[in-house]
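Next up, some structures in structure tokens.
Each of the next two complexes has chain A plus one other chain: chain B in the first, chain C in the second.
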Partner chain A sequence: MIRFACACILALVAALPVRAAVDIQEVTSPGGIDAWLVESHEIPFVALEIRFQGGASLDAPGKRGAINLMTGLLEEGAGEMDARAFATARDALAASFEFDVYNDALSVSAQFLTENRAAAVDLLRLALTEPRFDQDAVERVRAQVVSAIRSDAKDPDKIASHTFNELAFGDHPYGTPVNGREEDVTALTRADVIEAKSRVMTRDRLFVSAVGDITAQELGVLLDDLLAGLPERGAPMPGKAEYRLSGGVTVVPFDTPQSVAVFGHEGIDRDDPDFFAAYVLNGVLGSGGFSSRLMEEVREKRGLTYGVYSYLYPMDHAALMLGQVASANNRVAEAIDVIRAEWASVAQEGITQAELDAVKTYLTGAYPLRFDGNGPIANIMVGMQMQGQGVDYIATRNDKINAVTLSDIRRVAARLLDADALHFVVVGQPVGLETTN
Partner chain B sequence: MPRLPGLLLFTLSLLAAPAHADEVTSFALDNGMDVVVIEDHRAPVVVHMVWYKVGAADEPPGRSGIAHFTEHLMFKGTDAYPGKAVSEIVEANGGSDNAFTSYDYTAYFQRVAADRLDLMMALEADRMVNLTLSEADVLTERDVILEERNQRTENSASALFGEQRSAAQYLNHPYGIPIIGWRAEMETLSRQDALDFYKANYTPDNAILVVAGDVTPDAVRALAQERYGPLAPSGARAARARPQEPPQLAERRIAFADPRVAQPYVIRSYLAPERDAGDQDEAAALVYLANLLGGDGATSLLGQKLQFETRTAVYASAFYSGTSLDDTTFGLIVVPAEGVGLQQAEDAMDGVLAEFLQTGVDPEMFASLKMQLRASNIYAKDDVEGLARMYGEALASGLTVQDVQDWPDVLDQVTPEDVMAAAHAVLDRKKAVTGWLMREDVPEVTQ
Partner chain C sequence: MIRFACACILALVAALPVRAAVDIQEVTSPGGIDAWLVESHEIPFVALEIRFQGGASLDAPGKRGAINLMTGLLEEGAGEMDARAFATARDALAASFEFDVYNDALSVSAQFLTENRAAAVDLLRLALTEPRFDQDAVERVRAQVVSAIRSDAKDPDKIASHTFNELAFGDHPYGTPVNGREEDVTALTRADVIEAKSRVMTRDRLFVSAVGDITAQELGVLLDDLLAGLPERGAPMPGKAEYRLSGGVTVVPFDTPQSVAVFGHEGIDRDDPDFFAAYVLNGVLGSGGFSSRLMEEVREKRGLTYGVYSYLYPMDHAALMLGQVASANNRVAEAIDVIRAEWASVAQEGITQAELDAVKTYLTGAYPLRFDGNGPIANIMVGMQMQGQGVDYIATRNDKINAVTLSDIRRVAARLLDADALHFVVVGQPVGLETTN
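The block that comes next holds the complex of A and B.
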């Protein structure tokens, strides 16, 4: 394909075009669980999204990887069923449950047919509230996690991002991968897994959205059935992650033909008054489209890479501005020079009115296109809740984009972009690059 | 289970699921361009796709990568829309665009607000016939595709291994050549190569238009006639006849060691029949076979035996993709557990196959797969872009709209006896390549 879809572009969470027919209802169950609902009865299924804020960052000290291992075990047996019985029951209902965990959230994504809703919800409730964590399942999933950790250790993309995070955040949970280190994971016990669940899967961190063939009243009953059995309170949040990197280069020698570089510096919080201006600015600098400055300079003019992009990465306990590029070992130094120069140029001079107008048209026009299915809408809505946005955000999001002026851009560019502070972690055998400091 | 990075993970689904026939309309323009319209009025969005019935398997000898390179160069502009104008116009309208090249097709698509469909057609129709290429653009973009090859293939031991396995699988058919091209041939691709390939293949009678979303067939027909209708067809096109496979008589075994391998695995692919127009029965049986052997890790035979009972594997799966113009492959992969060698893993895999061929299909699991199939028809309706891709891919791979719409019924009518007959026919080592991906520091004795 002509370019990679950038998996890490931050979806500035969603709002609705004036004409989109997405009507969000705020539902509170009889038992007091809040959720957002969009009723859509055209297709007889429901997409349900559940999040537990905190995610893998709630790992206890010394137990990094416990929450990830626990998440992998949620579908490996619950109630009276072992892993195989659980999977057989799920398949017989043609329901789909996905469990995943990130630094700031544990996610549960479920889809089930209207005709099987009650049975599917019963099954999911068992996974969420009565997982067995059988010792043989712990060992089986642990072996998969260890295999993944070892594979990551030989994957230049993973080495680059893991190294950057470690240098940036040290001992904070953000400094190590959610999988944990091999020695940590090997040492985890079943008791650690049980403890991990009680740290993160709790009512005080819960966010829910549902889209599809269900009424508000039915959803209320479902929420209590599914989630009332969860404990009230989880572990405390880990606290702010101090950013410890300064500008420079870290080379991680790795014998491979193409160097991968992850680069970045401190970013901007999502609730900062200048966040929208920064988001628009990055749309011009490095959002990954052909018209971005970085793509133009590094790929289109010089053919130095297949893809280069930058993105804002606000997390719950830190904020980064990051980017990535990959170039042959003998060309990556030039790619990095070009990126630094463009970063400095935009920091000093900002962008043109024409660029600002074009990116605004794109961002505001693209916005409604995200709302095109039960699954995508449920995902967007649960993200909005986690970011503390109200349903009214939807109507005003594009206005906030349109309100950004060239002087806002200049101010935020000068404040945010700092070519001297950029740190590049380069994995490969880069010619003409050495670790600084 | 957690995701295993660094591995090819095969997610199987029954992927039946065309939209209901009453939501799909198809017709042809006078110049031979096929049109498929899929209606979904839930959101004011449209996906506009043009699929050319030409891919990497249609390249001239020695010019591997030219189909994909041409795809890249299609973004270099025309007289009417010079430079990056197409992508800029799409973005200025809030849309996104991309393209992809496979063995059997090259496709271009935009996703945009429904009221911008006419503009998308104007852009796509223009570059179907008016592409201009400067020598400088071609040379720079050739560097880009070489970096793309670096990123996708050269930097990944698993991807390099996959290339070698495909080359061993196909003795004569161009499916054995990588889509992105062999590096040495890519380095010599020229502007003239691209223009020759473009002129020979980018014509309305070699293209399929798929429009999906908040549109009506009448509106699409009117717009398509206006925008694509005036384009001249190429005239008599030869049938797509690629060099075919001779009888495969000898098992092939390959071993690839690379210091970048963290997790060794054994993978075997068998030459297998694809879905053919009006004849999809055996392919349907193979879909069940793949799911029975290696669908879900906790319920499939390979998963149950190797991951749960003997603990030989951390991961085991089967894969089959039947949408293909020529013979495809049916495959198995086993990722051994710590301390288990590749020979042991392969023997365990063969043990599961032998037992399955003796004992046959488990009726409960077969019934469960049928239920999942029916459900997949419902879930698939939530993703209109996925439906559009399904039609485009099928039509570019020699199938008809009728075949796509028959597919759920063909799947539904598969019996356990059909699955066993297909298994006996396909699981023949003479037509198979068995590959070991190995760490360089831990020698394994190959057979």
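The block that comes next holds the complex of A and C.
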């Protein structure tokens, strides 16, 4: 009867905004592991999201790329099983495991059918707690990583973004790609891989969410089965990443008819009281779609590009405001001038009430579309936890956007947007541009 | 009361396999447009999928790339609105429209909130029936397409796959990329773009599905509002694509440490009685995961690659069986030998009962995981329609897989897999390989 009641309540609130339909339970396992859960019994499977905060930025000095290499090895054999035996066992359960690593998080996404839940959890536990890191598997994955590094070295977008990060953050892990540099990756040993795991895959920085066909009690048992065997404590966080770039241009010569530019300056922390105002401001200035200020000025009025955008990039140890544009070599200098001018104009004059109203409608209206499916909802929830949001965030997020006023926008625009501080890394053969200072 | 009843029925069937939870209604609009609908009122939005069969393969002779260019222009202004006004209107509705084109289909994916449904449909109708194709927008999108073509010309994966298609299909549209060649795209006029639209975006090859917060009656009205204004009839289909490749090797020299190889031969039509047996066979031979025969032989036993896979590729006017592998220049020749040998071995000896059992468990068990969200379900449904499946396909698909026997597998393996017919296009500096004949 409980199930029927739940279903009817869901139907009752269907006409309300999305916040009412996503009913998050906070679950703590008998062993003390916390998770967020949304029960949804329509399809007999569970989407489970696990994140280890810190991610690849926990690489030890001189061992950049070790955590990425280790992550690539989690599916290459565990316990008694070599890579093929593990894959065969996983396929026989029709389970799906995905391991990814970013600067601030190592993520594990698992999906499994209700009927195979116990066996799938057991297999995933092996991968998380007893990976083998066989030497032949290390060489195989290392070769793949090196091949990706070489391919990135020929990709203008990657070159631009890696160069920006290196100039901005130097020796901090943020200053080099998660993959590492080829010479570093080549030098990594199996012992480095084992050490890398112990730095990041630990219980003190664990976040978990689950969506699907599972009850709170069942999830509690699952959490202990799966994660209790992880070590308690990992490596210390790397500390604040000092931003070292000043305004200017860095040209990276590259044989291509179209230059790519990555640009930016310091941003705003996610827990800053003005973060929402900055988010709304960027919605008007340069986010996503075709209707932003940057798109109008650079693309529509002058035809300098097919696309230009900007975005806030708050990380755990630094915050950036970044943007990107691609333009013909003989027009990219003009594109950069126009971007700088628009940056300055919004900093001084803010935006219009009509722009503010339109962007609020868009940002609040598009929010429900994200909650489409167990996997996407699990993803959103674990992200909320890592940002320190409460379970009420979904219900209050649109209110926070709607509360942003024109004077909030003016304040944050004056504080955040600094045309003189913008640094442009341009990859190509740009006409009329040279590296400054 | 109807809504409560629906919700309770859903809860009742939750323990049954996925087929019970996806309740497809066949809807015909007052104006005679057919669609499939799954009602789901949990989140107040609709995912709508529209496909025009024929896609870019309807390009007129000498105008390859015109349909792709036209598709890129559908969001660049319509009716009284230029590109920016259109984008502003769409954002103000928080609607999402996506236009894509492939060889066999032009697809339109739209998502919109219930409260904005009428206005969003009106805007999408403008894009579908009254796009402006302004000359400045044509130049902007053309420049973007040309830039993508140039970037593909430096990408070994793309070079391999484009070369294979050109050798296999010559002058048939399948023989050139959907984007077209640079010289062709540069020569396209606005008149070509208008003509391209009239060839493909017509009612005689329209397929539609909808999932979400909408009733059958509301969908009927929506379909007529949105699509009745399209022309009745498009260009004739291009006809069967004759496969012209024989077994052998084509080397495309490219400066890279790792060669990429695309390989294949003729495949099997989707409506062939043996299609399911072939699908299961390929699951064992080379599909996806780490547990396939090809992965074991090429990767696990010999460490020649990080990944190798094969797949069935049934198109509307031809059917291929394709595969891909990447390997160091000095080892790719051995990888190719091993693939050929494994192909021959499976053709002669089939697979084991244990392999058949395991792949059936995987293929049937993983099926429900695809039905996660309104967007994914709408996508699956429109694909089913285009393949001529009935609404009962979801309920019977796993039975068809389970019905495949070892003798079916042996029959189809002997008929389909032909090691001597395999042609390998190798992009790189492969040691010990030369173009044959």
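As a convention for this text, the second predicted complex is superposed on the first by the 417 of 437 C-alpha atoms of A that agree within 3 Å, B and C clash if a C-alpha of one lies under 4 Å from a C-alpha of the other, contacts with A are read in each partner's own complex, and residues count from 1 in each chain.
We adopt the following convention: a contact is a pair of C-beta atoms (placed from the backbone, for glycine too) under 8 Å apart; a residue touches a chain by one contact, two chains touch by 3 or more.
If you're wondering where the values come from, they're calculated on a predicted model, not measured in any experiment.
Enquirer: Report clash or fit for the pair chain B and chain C bound to chain A in the combined superposed model.
Expert: clash
Enquirer: Scan A:113 for contacts with chain B and chain C and give back first, second, both or neither.
Expert: The answer is both, since A:113 touches chain B and chain C.
Enquirer: Output check: A:41 vs chain B and chain C. Expected answer is one of first, second, both, neither. What do you get?
Expert: A:41: touches chain C, not chain B.
Enquirer: Look at A:351 in the shared chain and tell me whether it touches chain B only, chain C only, both, or neither; answer first, second, both or neither.
Expert: Neither partner.
Enquirer: A:260 contacts which: chain B (first), chain C (second), both, neither?
Expert: So A:260 only meets chain B here.
Enquirer: Which holds for A:378: it touches chain B only (first), chain C only (second), both, or neither?
Expert: neither
Enquirer: Looking at the overlay, does A:68 come into contact with chain B only (first), chain C only (second), both, or neither?
Expert: Touch status of A:68: first partner only.
Enquirer: Could you look at A:320 and tell me whether it touches chain B, chain C, both or neither (first, second, both, neither)?
Expert: Neither: A:320 stays clear of chain B and chain C.
Enquirer: Of the residues on chain A, which ones does chain B touch that chain C also touches?
Expert: After superposing on chain A, chain A residues 3, 17, 21, 42-45, 47, 75, 83-84, 86-88, 91-94, 96, 111, 113, 140-141, 143-144, 147, 150, 154, 256-258, 289-291, 299-300, 303, 306-307, 326, 328, 358, 361-362, 364-366, 368-369, 371-375 contact both chain B and chain C.
Enquirer: Please output the residues of chain A touching chain B within their complex, sorted ascending.
Expert: Chain A reaches chain B through residues 1-3, 5, 17, 19-21, 40, 42-45, 47, 68, 71-72, 75-76, 83-84, 86-88, 91-94, 96, 111, 113, 140-141, 143-148, 150-156, 158, 179, 255-258, 260, 289-291, 299-307, 326-328, 358, 361-369, 371-375.
Enquirer: Spell out the part of chain C that touches chain A in their complex, as residue ranges.
Expert: Going through chain C, the ones touching chain A are 3-4, 6-8, 10-11, 14-15, 17-18, 21, 41-45, 47, 75, 82-84, 86-88, 90-94, 96, 111, 113, 116, 136, 139-141, 143-144, 147, 150, 154, 213, 256-258, 289-291, 295-296, 299-300, 303, 306-307, 326, 328, 358-359, 361-362, 364-366, 368-369, 371-376.
Enquirer: Within their complex, state which residues of chain B touch chain A.
Expert: Chain B reaches chain A through residues 1-7, 42-45, 71-72, 75, 84, 87-88, 91-96, 98-101, 111-113, 139-148, 150-151, 154-155, 213, 259-263, 296-299, 304, 307-308, 311, 314-315, 335, 337-338, 364, 367-369, 371-372, 374-376, 378-379, 381-385.
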